[in-house]
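A short write-up of the structure that comes next.
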Amino acid sequence: MLLETKQKVLKANQLLPKYDLVKFTWGNVSQRDLDTNYIVIKPSGVNYEDLTIDHMVVLDLDGNIIEGKLNPSSDTKTHLEVYKAFPLVLGICHVHSTYATAYAQAGKPIRSLGTTHADYFYGDVMCVRVLTKEEIEEDYEKNTGKLIVESFKHKDILATPGILLQGHGVFTFGKSADESVHNAVVIEEVAKMNSITESINPDVKPIPQYLMDKHYLRKHGKNAYYGQGKKK
Amino acid sequence: MLLETKQKVLKANQLLPKYDLVKFTWGNVSQRDLDTNYIVIKPSGVNYEDLTIDHMVVLDLDGNIIEGKLNPSSDTKTHLEVYKAFPLVLGICHVHSTYATAYAQAGKPIRSLGTTHADYFYGDVMCVRVLTKEEIEEDYEKNTGKLIVESFKHKDILATPGILLQGHGVFTFGKSADESVHNAVVIEEVAKMNSITESINPDVKPIPQYLMDKHYLRKHGKNAYYGQGKKK
Amino acid sequence: MLLETKQKVLKANQLLPKYDLVKFTWGNVSQRDLDTNYIVIKPSGVNYEDLTIDHMVVLDLDGNIIEGKLNPSSDTKTHLEVYKAFPLVLGICHVHSTYATAYAQAGKPIRSLGTTHADYFYGDVMCVRVLTKEEIEEDYEKNTGKLIVESFKHKDILATPGILLQGHGVFTFGKSADESVHNAVVIEEVAKMNSITESINPDVKPIPQYLMDKHYLRKHGKNAYYGQGKKK
Amino acid sequence: MLLETKQKVLKANQLLPKYDLVKFTWGNVSQRDLDTNYIVIKPSGVNYEDLTIDHMVVLDLDGNIIEGKLNPSSDTKTHLEVYKAFPLVLGICHVHSTYATAYAQAGKPIRSLGTTHADYFYGDVMCVRVLTKEEIEEDYEKNTGKLIVESFKHKDILATPGILLQGHGVFTFGKSADESVHNAVVIEEVAKMNSITESINPDVKPIPQYLMDKHYLRKHGKNAYYGQGKKK
């Protein structure tokens, strides 16, 4: 139900300051409504503590505003490109969290250096290139979305549900707005761990594939045995 | 109205501990009152939690105290020099926040390594030299102000509204006291991101000019489309 | 009494977020009940704020569930191996705290660089190898426990009550669940201090043995004179 | 009055967790009572949140307990040596705060890299050597005090009111218990700033002497003009 989706998007956006992922208005979360296939997203430039359910902006996949009086997040077109390409993605989060953004600024992936990473992300979190001047001038936010889509062409976006944009920040994905925020928390923590790890041991290598398989698969997939045997 | 300006300066100073920009009394914020062209500033050495509106010190641009029983911030003359030189600057904030001060101590600028920076600062945040012995002996705080003014002679101070003073701390500027504090939060966060970025990738380069243009101009200038189409 | 042990395990698990040792459900604490020799442990995947005493899972040392409707922590077999091998270990804590995990990811021990370390840990905190593919396929969690047991074969586990697992995280031990959490806090803080120390001085050496002896023995052993002359 | 001094020592100790200078019971503060020349100090191993005024331990300068049922801090003899040698020192604080301890572990001084330092400390904060085995065996805490006293023989302890003990932690001094804690906060913050500064610019040099003089003397000494013209 659309009302419920709006409520969930409101709550997911309110998690951003709670988890210390944002300063001021530096992040936005959206969710796809399964009944209507509309997207609900945060309005642009509104403080999280001021947000109400009536501020939520509802759009169709072509970007037409269906409900809401405010402008949607300036990153809306990026979200829409991802939703159009990946029907299983139901939630998207974009933030400039400190450590993940540092990796994005450094132009480096977040490598699988430990099982904390492997519990959530199957393989490295990519860092993709800066758009060209032409791509930016043509349509910055839409082309950012297209680059994300292109980058996951041969990968399972929900198995490694995050991506760094060089010189910018991070996008995370999930089966709900809440799950995309959850993944943003994980990426930020893993990025922090990795920056410390690499300063302790500059030659550190990723964990072996079989250890990653073990951790990822004990939490995900049909033989998962972490948790209480039901999907969260 | 002067009373309103005092209220705003009080509130802006109270934001400094809230945003974790200061220890003890290590920072001060001022605002120009448009009706009178007076400057309202924090008194020297008073804790933020003890501040009341009656503590605010009102001065004219020559430094004569118009209202208030307490000594103004010891950095007052620095503020006054900037206000005298730049009529569009209506708020000034000075802090020793951790990461911005580390860059000042290192004698290095805060480079434009990402769009978080470009959303607020058009180009690098300069780090300017230590004053000479003669300048300090003659009038330390006034000559600090003159150095800031000189450094922005050929630049738009409100387009890159911050400056590092080598071996000291940071000054930020804005169209209000509140906006100058906002910019101090941004500089501190960007300085933190950059110090991590540079430890991950010592060879990192600033983002391309066209990406900086895009981000700065989508938030600022007449074609800005970030937010809700009104000035905050 | 088993009820009391369950209460203590509940409280010890609730300390994990309080001491900032975990995100989400990334940690678990257990305690041995002295009356029954049963082990009480956190259920898998339940948030700390939702935990109640009825969620606690009671098992015998062979892993048979005696009480509780939920699945025990997925790391339960690791706990059981340690309890079986070391009768004096009465509490175990496992977390992925940021700095300790960074050392684990780096594959480096936490060295005795200061008296903060020596007040609690007599000698370096080891970092042990990643399991082989065969060990993981056979029984990951049980073989992790066996590796921990093997690593302490010629050492006093309660004199250096913690161990890093390469590419994974940290396990700490104690004479109660609470003490094992206490030791996890110490390891995290010492790991943080050490990472900063090593960045300041890459050639830093451990403190001399006689200084370690002095600090460890003034807090532990029969001639201890720290505190109020009773065991905490 | 002794009662008042006990109240002040209680409050000063309670500031340690408030300012994030300690974990558990890792710090202690004392003050000299001017009426009696007795020293009031925290008891050993008692949590800060449990402390009451009746827990405070009163000793004479020879270490005889005058009032109090609990054992005094295990570092008491170190405090006493400093009080005996420097009559103007009225408050002492000892902590293992993260960044100051990292410098102590690294065996490096905290250099005067900025005016934040110079506002409180006139010159570098020394890091003094580890005691010899013989000194530790004879009387660890007393000889630690003697080393501190010796190190300040030709310096003004209240002009640079702090010292690092290699491989251990930091002691700070003041004209009251509260002022010694204040100085511990400053040292911790300056140590943090310096560790970041040195990672940004490994070749950074201390600020010029004339800048240090200016900042130190505008806050201290008879021509000071910071604050409201009365001693805090």
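Order of writing sets the labels: A, B, C and D. Residues in every chain begin at 1.
As a working rule, a contact is a pair of C-beta atoms (placed from the backbone, for glycine too) under 8 Å apart; a residue touches a chain by one contact, two chains touch by 3 or more.
Only a predicted model underlies this, so the values are computations on that prediction, with no experimental measurement involved.
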Could you tell me which chains make contact with chain B and chain C both? A, D
Same or different residue numbers at the chain A/chain B copy interface, by half rule: different
Maximum distance between Cα centroids and chain D occurs for chain A
Could you report, rounded to a multiple of 5°, the rotation needed to superpose chain A's C-alpha atoms on chain C? 90
Can you check how far apart chain C and chain D are, centre to centre, with Cα atoms defining each centre and the answer in Å? 33
Show the residues in chain D shared as contacts by 2 or more other chains, in ascending order. 199
Among line, ring, star, complete and other, the chain touch graph is ring
Using the contact rule from the top, write out all pairs of chains that touch. A-B, A-C, B-D, C-D
Note which residues of chain A are touching chain C in the complex, please. 113-116, 182, 185-186, 189, 192-194, 196-197, 199-201, 204, 207-208, 210-211, 214, 218, 225-229, 232
Residue set of chain A touching chain B in the complex reads 23-24, 26, 43-46, 70-71, 74, 96, 98-99, 101-108, 130-131, 133, 136-137, 140, 167-169, 195, 198-199
